[in-house]
Each structure stands twice: as C-alpha cells, then as structure tokens.
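Take this structure first; my questions come after.
The letters A, B, C and D name the chains in turn, as written, and every chain counts its residues from 1.
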Amino acid sequence: MSNEDFKKKLKKVNQFKIDKDDDIVELISSLKNTGFNAKRLAVACEIYKEMIQDKDCVKFFGLAGALVPAGMQKIIHDFIEEGFIDVLVTTGASLTHDIAETLGYHHLQGELSLKEVDDSELHNQELNRIYDVFLPNKVYEGIEDFVSKLEISDENMSVSSFLKFLGDELPKNDNSILKICAEKNVPIFCPAFTDSGLALQLGFHHQNLNLNHFKDMLKIVDLAWDTKNAGVCVVGGGVPKNFIMQSLQFCPNSAQYAIQITMDRPEQGGLSGATLHEAISWGKVSEKAKFSTVIADATIALPLILWYLLKAK
Amino acid sequence: MSNEDFKKKLKKVNQFKIDKDDDIVELISSLKNTGFNAKRLAVACEIYKEMIQDKDCVKFFGLAGALVPAGMQKIIHDFIEEGFIDVLVTTGASLTHDIAETLGYHHLQGELSLKEVDDSELHNQELNRIYDVFLPNKVYEGIEDFVSKLEISDENMSVSSFLKFLGDELPKNDNSILKICAEKNVPIFCPAFTDSGLALQLGFHHQNLNLNHFKDMLKIVDLAWDTKNAGVCVVGGGVPKNFIMQSLQFCPNSAQYAIQITMDRPEQGGLSGATLHEAISWGKVSEKAKFSTVIADATIALPLILWYLLKAK
Amino acid sequence: MSNEDFKKKLKKVNQFKIDKDDDIVELISSLKNTGFNAKRLAVACEIYKEMIQDKDCVKFFGLAGALVPAGMQKIIHDFIEEGFIDVLVTTGASLTHDIAETLGYHHLQGELSLKEVDDSELHNQELNRIYDVFLPNKVYEGIEDFVSKLEISDENMSVSSFLKFLGDELPKNDNSILKICAEKNVPIFCPAFTDSGLALQLGFHHQNLNLNHFKDMLKIVDLAWDTKNAGVCVVGGGVPKNFIMQSLQFCPNSAQYAIQITMDRPEQGGLSGATLHEAISWGKVSEKAKFSTVIADATIALPLILWYLLKAK
Amino acid sequence: MSNEDFKKKLKKVNQFKIDKDDDIVELISSLKNTGFNAKRLAVACEIYKEMIQDKDCVKFFGLAGALVPAGMQKIIHDFIEEGFIDVLVTTGASLTHDIAETLGYHHLQGELSLKEVDDSELHNQELNRIYDVFLPNKVYEGIEDFVSKLEISDENMSVSSFLKFLGDELPKNDNSILKICAEKNVPIFCPAFTDSGLALQLGFHHQNLNLNHFKDMLKIVDLAWDTKNAGVCVVGGGVPKNFIMQSLQFCPNSAQYAIQITMDRPEQGGLSGATLHEAISWGKVSEKAKFSTVIADATIALPLILWYLLKAK
C-alpha cells in the first residue's frame, strides 16, 4: 500500500465517554474506534451482525471450553434459538455438561474465598473441580440412568444423527443446547465424541455402538462445499476450530467472515492460538474475509456479543 | 473448613439469560453467579462499589499500559471526576500520552486489515506503532513546545507536586487525566517518571531539574499509613502495582479491598501477574480483604466497570 | 501443616553456577533448587526418570500441538524407541504430519525476517503456514497417493488398530512416530481422528470406512484399569490430555506421576490449562502423586527432558 | 519479496536427534533449524554471540522480574563478569534481593507440594511469598542495618552513581550483581528506584536524600548516542525495557541487535509484550537489526543462553 493510501485510512482514536443510560449498541459502537481487544471485540460484534444479515451466510460455531459449567448454557442456547448458529461443532465434555443441566442437575459455585479449597478433600466429598466450579459425582449417576435406557435404532449412525436423537429424547428444557438444536434442526458435530463422560457411559451400556465418525466428517464437508458465504465463530479453539477449518480448506468458497474468542496465542504454534490471518494461507479463510480475533475469556465476551446482537439486529 | 461448612457455601451456577433491554447492573448481577473470569469481573464490580460506599476507604488506583492511546483516557478521567480514585499511580508513558491528547494531538487507528503494515515503512512516515494504534512523531514537537515554556518554581519539588503543576498549566480539557487530577486534588505518583518521553524533554530543556522521587515515596507511605480502609485497583501491574503495594506493606492497615485487571499470570514469578492472595503473605492485602483478579484486557474490563459503577452507585 | 513442619521443609534457594563443561544432568540438578518454571522443569525431569525406573509404571503420553512441523518428530520417536512411552494419545494432525515426513516430504522453515510474509501470497504459492513453518500443498498429494492404495482388511477396526496397520505399511524411516510405535507395539490412540487431513483422504478413498472409536475408548480404559502405577506426561493439553485423564478417572489406581508441559493457564477454565492439582479432585491424579506443570513451549522443554533422560537413566 | 526469492530462502525443517553426549552448542545448533520458540531461542543465542564478537557493540541488558529469588543471581553475575553486559538497567526489587543475598541472607524454597500453603499463615510466620519462593521478613532487618550505616557523600548524586557506591560498600561476594558491576565499572540504571524496599529504608534513614534521576536519564541517552552498534537484551520487559528503548529512540544509531525473553504478548498493547518489530517503527530498533523474541520463562532461557555463550565464545 502506498504511504498516501495508508495515511488516508487512519483516523483519530475516539476517547469515548460512557453514560450510565447507554445501551450495549452504543458501547460497542464507541469501542469500535479505540484499540487493542476492545476494538477487536467491537469489530467481532459487527462481523457477527453482518453474518446474520447476510442471507447467504451459513454460520459455523465452534465451541470448546467448560462454558456450561461456567453458566453460559443459556447464552449458547439463545444463540441457537435466535438463529445465530447454523452448524455447531463442540466437545464431548460440553455435551455431557449440557445433558447434566438438562436432566435437572447443576454445577455448583463457591465463594471466591474458597479458592484454596483442598482438592484431596474435594475428592473425598465427590466434588470434581473445574477451576472455581464444582461438579458433584452424583451427576454422572443421573446421566448414566438416562443413557442406559436409550433405545438406539442404528448402532452405526453418525454422531450428529445420534446427537439429534439425544436432543429429541431429552426432557423439555429452556436452557438445553442439545434440545434447541434438535428442535431447530441445527446439526451438532462432535469429532472427539469418545473423549467424554457421556461416551464412556454409552460405551459401557451399549457395547455394540459404533457411531460413524467418518459420515460426520463427510457431512460437514458437504455443508461447507455448498455454502456460498461461510461464516465462522470459534470459541476457545481446539478440535471444534480445526474441524470447521479443515472442512472449509478444500471448498470453492472459504470463510468470508471469521471470529475467534480465545486466550491462546500464536507463538507456540498450536492451532487454538493460530491467527485467522494464518488461515488465509490454508485457504480456510478468504483473503477478502472480514475477521477479528478477541483475546478474552469467552465468559466475558460471549454474553456481550449476544447482548449486542439481540439489541442491534 | 469442615466438609459441612464447605458444602453449605456452595450454590447453583446460574444459567443466566440476557434480555436485550437489560442494563449493565443486571448483566453484572447475573455474571456474579457464574464462573471463571465473568464471575471475577462481577465480583470486582461489587468490590469497587463497596469501596465507593465505604466513607473510610481511600482508593489507590494503579494504571499501567497504553490505555490512553487505546481510547480509554475519558474513561479514566471519569473515574477521577466521579470520585472513584483518590490516589493515582501511573507510568510516565501514560502521562506523556495524556498531555499529547490534552494539547489537542491525537492517537490514530487504522483498519484491522492494516495490521500487516510494515514497521520500516511506518518509521519512514514518522508513525510510531503501539500494537494497532499509531502515534505521529509530530506529537512530540507539540509536547516539547509546551514543556520548553514551563516556568518551574522549584527544581527539587516532588514528582507529584510537579504533576499537579503540570495539570494546572495544561489547557482546559474534558478528557485530561492530569487536568482533572489537578482540579480535584487527586495526587498522581509516577515512580518511574524519567522513563518517559515527557521526562526526556524536561531533561533537555530544564537541565537543573532534580524532582525529588524520595518525597513521593514517603508521601504515599504517609497516605497509606493514615488510611483506615485502603482499597486498591490495579490495572496491568508493573511499577504502579508495586509502588502501591509496598506503601501498604508496613502500614497498620493493609488493603481491605483489592482488584486487579491484568493479562499477566503468576507462574513466571513476576509481580504483575502475582495473585492478590500472595499479597496477603506480605501484609499488603489483609487476610480479611475482599479481592478479585480479572484476567482480561483492561480496554474491555475498565469501561464495563465504570458503566456499572455509574449505574449502580 | 504446623508452622514448625512447614519451616523444616524450607531450604535455601541455590544461586547456581553454570560451567561450560557441565552436562544436562548437572544443569537440571542445579535448577531443582531454584524457583518458578526452572524448578518445575527440573522436577518434571526427575519425575519422568522415576517413571522409567518404576517397573510397575505404565507411561501414558499425550501429544497435542504441531510438534512434527516444528522439528520434534525425532525427539518423540526417540522417547518411544527408548521405551519412555507405553501408550501414545495424539491428534490427527500430528499423525498427518508424521506420515508426510515418513513418506519423504518435508516441512519448511524461513528466516525469522520472513515473518511478515503475506498469507494471501502464501496461499497463491500453495504454502500452508503453521506460525513460522510452511507445509506445501503437494505434501497432501503424496499422502493421498499412499492412502488411496491402502488395502484395509476390516472397515470397523478400532482407530488404534488402524494406526498399527498404517505403521506397518509405511516405509522404513528412522524418525517416524507411527513406524516406531508399530515396531514396538506401542498403541496410538487418536480420539479426534476424523479431525485431520489424513482422515479426510481416507474418507474420500474408502467410503465404507467406519473405524470404531468406542473400541479405542474401552481399550484405553482397560489399559488404565490394569495399571498399578500410572504415569502421565501431557504436552499441550487438548483432547489427548482429556482422553488419558478420563481413562484414569474411574480406575482403582489414579496417576501416581504426572507431568504437563503447556502454555495454557487455568484461569479461563479450559482443560488444557487446568492444574494437575485440580485433577486430584476428579480422581484422575492420586493425592499422593508426584507432579509438575511446566509453563513452557514444548519445543524447548521436550528436547531438554529427553536429553536429561538419556544421560541420567 | 518476489515468490522466487521467498521460495529460495525456505529450507527443510530439521528433525534433529539428541545424543546424550551432545553439548549445549550442538543442541542450540540443532534447534536453529526447527520452529516456534525453540528456533527463536537458538536465534537469540546466535545473536548474543555476535553481539559479543562485535567489538563496536555496546550491550544493554534490561532485567525485570524476581530472578534473584528464583536462583538466577549467579547467572546474571556471570553474564557481567564475562563481559556480556555493558549497561545494566533493572528494578529496585532486583537490587533489594541482590543486597539481601550479598549480605548473607537467603531466599527459601519449599517442596512443590507446599504450593497450597496458606498466605495468611505465611504472614503470621513473617515469610513473604514470591510464587514458590519465600523471603523472610528478617532479611529486611539486615538490609536496614547495612543501609542505616551508609555514609553518603552527595545526596544529589545520580542513582547509578549511588549504586556504584553501594557496590563498593558491599562485602566481597562471588554472586553479587551490585558488586561485580562496581568492580567492572558496569553502570546500573534503576529508573524506578524508589519503587523498592531498598529505597524505602534509604528514605527512612537518610531523609535529605534526593538522588538525581534526571542525570541517569541523560547519562544513558549519552551512552546510547555514542554507541555505534547497540545491542539489547531484555528480560521480562517493564521499565528496564522501556528505559533502554527510549534512550535509543532519538539516537543516530538504533539497536542493531535485539533479544527479548518474556512471557508477555503483544495483543493487549503493553510495552512488555510488544514485538521487537514494532520497535522498528519507533526507531528504537534498526530495520536491519537481527532480533529474536523468545516466549519463555527467563529462569529456563537465561541459563541456557549463558551456557551456550560460555561454550561457544
């Protein structure tokens, strides 16, 4: 770019003011003209809004990290209910946590001052710790009871078909990710399904089960192939990020929109922290794409993005 | 703690819902009952509110990082104007950036897509880069003009006295940190003052200047000593964090409230990432203190905290 | 612990000296008596040595991250050849990279000064970037050629059986992870196998393939169940970490030794950054276990650990 | 750069082997041809070697972080004794820790399994915690005794002159940073000197002390101005990094060599994590400079670099 073109694109950083009666759209609009991750968050919000407004955009959402234990189940549920997610790729742990809550079990929180709690003591009390959240062992009993009674029609169905079946079988629940996906026919992919407490119990109780992971892989490639304008929102990285990205790699249309919210960084070379820019070299993200990486805990960023989308749409 | 006491303190993680017409107080209230950094942010907001409501609390605010270039000058200004900061400790760079904006110069932002801009090219164009923000060299000329004309009455005054003088000399400005501190008699400490462009220009134009850093050190110790309920909010760590903390270390009353917002972590042993819990061992933070560390970019967290305080106070 | 017991356990930090003719064992021995991650690295070395010396110890090794592209293939190969790994759990990407190198293709590195290379330009040149390493597209053609010719006897075999078959089919190679595992009968588990370029090509060329992931899940649980003294070394976290840990969770003997090398941190609640201490609450790690988390890029830590083990064993 | 030029510069990633009898020079030489931080560490080693071999190079070394408590005092001492550091810029805390050790006091380490030690309990036992290292309060009494007896000839001398005086006054000691700097006439700058326990005790016992910080600032600018080939090695960032960099900013010759070892990252905009590339835009680092940032805990990286330099020089 020539110097003159470059200089023309520069504009003043906005020393913005917050009024107590501002709404989230005004805040995000102000942050757009700042710097660092505040700006990136604002840009991410705007990109997501564009994804929603683009009728040709298929929105792939990758979800890793213990967001359900951290109280973000309803947030993700509402992303789906509002039509902000067309394809969900997630981890077996997230599904396990979602089923637990959907069956009426709960994750527990302590006071911050409890943080020095002794893990050996927790083990004795059958409380599994996820940073500052606790999952009682008895939750697994409830899941086991549900899982053991499942009547699985086809032991070789794809994981995504099985997750649709699970969603149908689960009781009605206003927070459940599996339930709302089943109701809205939003496919859920879980490439590392057997890496979960849910799969362990399935394996113990349904010994001939051989869910077909390859069907899922080919199905999401088909979805990506047929997409005119792919949009990607990745939370936390991991397998969900890679699975979405590899589906787009060989397609005629790579992602036109891309957002990632992560605490990982690129310097150690792992995919979770890789920049979206790097994804251009792979053909996963279009060189003309709008994209933004927000370095933030998703428990802070995701609710803000949803709030913005609900208000701004 | 006994098992029973521990279990009694546990409560259900709240799978909260956001409505588009919620306000920031409702959001923070929901986040309080979640986990990870969302909860820590909510707890930080509540602690800050308590600090404001506690008439005996002196609020020490440590500010490190390039927050003025990132558009957060007015946010910090409003913390001070609202009375949310009683003692400010900051870096020479922040003061330099504040003077630049106060004198009518601006930091510049580009499009995200400009991020691959070549730093050699920027150097040729006399644009200094701070991540995704740009500071034109000519800003320094404006500061130099201001600095060279200063008539300094006492070459051995403390840095904080000099910064009060600077605030008085600066033109009226609704965003200026130095100005609002001068107007409201909020002392500014800057232990690494000579580590700044501002000090370099002072040194070049006022060759006998020997601002007395020891007076500042003893003054903030006196302030800490006399404080009944010290409250600390640290942004980014660095020298401002340590300077506040060392002042509290030997006082009869260590901090009763403590908040830190940082991206640094404890494992490599640096003070910026050290936990507030560790500070208890030093006697800097009271073992009965309420405290919360939020791992977040301050450009996201600080505006949210201010917004909450304005609405909730 | 009583004050006296605590104080008795404290000893002087060693201000150690390095002589140019020291060997790695002397360096690690010195670091043992320091602090922060140097100490943790030294402790990790000693724990790994104990794992090797303990005849009852089954050594589970979780490998995530692009270590083969970063030149660590031979290092991992030698861990296996030396008998330092009994069970390997890894990602599909690592296997894809390993096959590429085993078939005679190479990852490429540029000069550091090339780091601003344009990703769009790389895409045009068919060079996929992994931070500062480049993978030419034509590598995939070589893999495809290999994969398309495979004669797979059982389309429903487990992934680990299939990976043993792959190792047998691959040409002789002194660096290959798959090859050395096949030769030494070290099982490789890959729970997210379909999340890989290798699986994509398998899926395209072997349309009825339905590798049985559940068999793997049950097989590693059996391995864990039968283990008297489980030892765990986790590099980078991700699915390999979780898959090993969930296998240990319900076993009579949880891990007696545990090492993790990661750049992730616990505060955002993801499993990759979770402390090994937290794993005690889950029963994945024994409360009596020796464990150490090293916050370090594995490309630095792994070669040092191997060097130490080779010299110290 | 044209495609052809780019491709010519690419070379094969080296899947290197470690033999147990390799030396550190062989290891670093192998790592040079890998990727990620292993490569950056190797490049940093080579740059430092070049700095030593370049007779026109003045080597500025910025030291932040609690490296003396972590057992790295002798390592830094030997950097100085070997002539690898010409100008040292550090924090008041590092000087305080150095004096403590030089006077015969010690930092203490516990077992890793002590990490859950209660900070309130530590406070009662007068043990100040620095992550996993402990500093007994009584150390301060020893420092106070030393400080109170100092006969300071000029209360307005520069901080660096005062630190030379301190080095002369301290007892002979083979590990002491202050002592070896005094002996070898290596100037020590400490821009945030009053941000330290050492300065607090000086302030209490020498009430008229007004060390001239501006003299230091101008002195290091003079040193930088006169330097033909500046070399910079920054550990941990903070004020020492900025103070060195601002000295180079307006000089005719910016840094020709630059190394930084840090765990900080650029995305939140703070100087500690800023890339060396960004420094080119400021004119702090030459666009032709050789530079490398290593994302690593300095307690691991620094001993390896010293070991390499001792062997390779």
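Just so we're on the same page, a residue touches a chain if its C-beta (ideal position, glycine included) is under 8 Å from a C-beta of that chain, and two chains touch if they have at least 3 such contacts.
Everything numeric here is computed off the predicted structure, so don't read it as measured data.
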- [ ] Looking only at C-beta pairs in contact, point me to the busier pair out of B-D and B-C.
- [x] B-D
- [ ] Going by C-alpha centroids, which chain is farthest from chain C? Tell me that one.
- [x] B
Task: Between chain D and chain C, distance of the C-alpha-averaged centres to the nearest whole Å - done: 33
Task: Distance from the mean Cα position of chain D to that of chain B, given in whole angstrom - done: 25
TODO: Indicate the whole-number Å distance between the mean C-alpha point of chain B and the mean C-alpha point of chain C.
DONE: 41
Open item on the list: Using the touch definition from the top, which residues of chain C touch two or more other chains?
Closed with: 35-37, 69-70, 116, 130-133, 263, 265, 267-269, 277, 295, 297, 299
Open item on the list: Thinking of each chain as a vertex joined to the chains it touches, would you call that graph a line, ring, star, complete, or other?
Closed with: complete
TODO: Could you pull out which chain C residues touch chain B in their complex?
DONE: 35-37, 116, 118, 265, 267-269, 295
Open item on the list: Applying the document's contact rule, which stretches of chain A touch chain B when the two form their complex?
Closed with: 1, 3, 6-7, 9-22, 27, 30-31, 33-41, 43, 68-75, 78, 101, 106-112, 114-117, 121, 124-125, 130-134, 175, 263, 277, 291-292, 295-297, 299-301, 303, 306-307, 310-311
Open item on the list: Which residues of chain B touch chain D once you look at their complex with the stated criterion?
Closed with: 64-66, 69-70, 93, 119-120, 122-123, 127-133, 156, 191-197, 199-200, 202-203, 209-218, 221, 236, 238-239, 242-243, 246, 250, 263-272, 274, 277-283, 287, 297-299
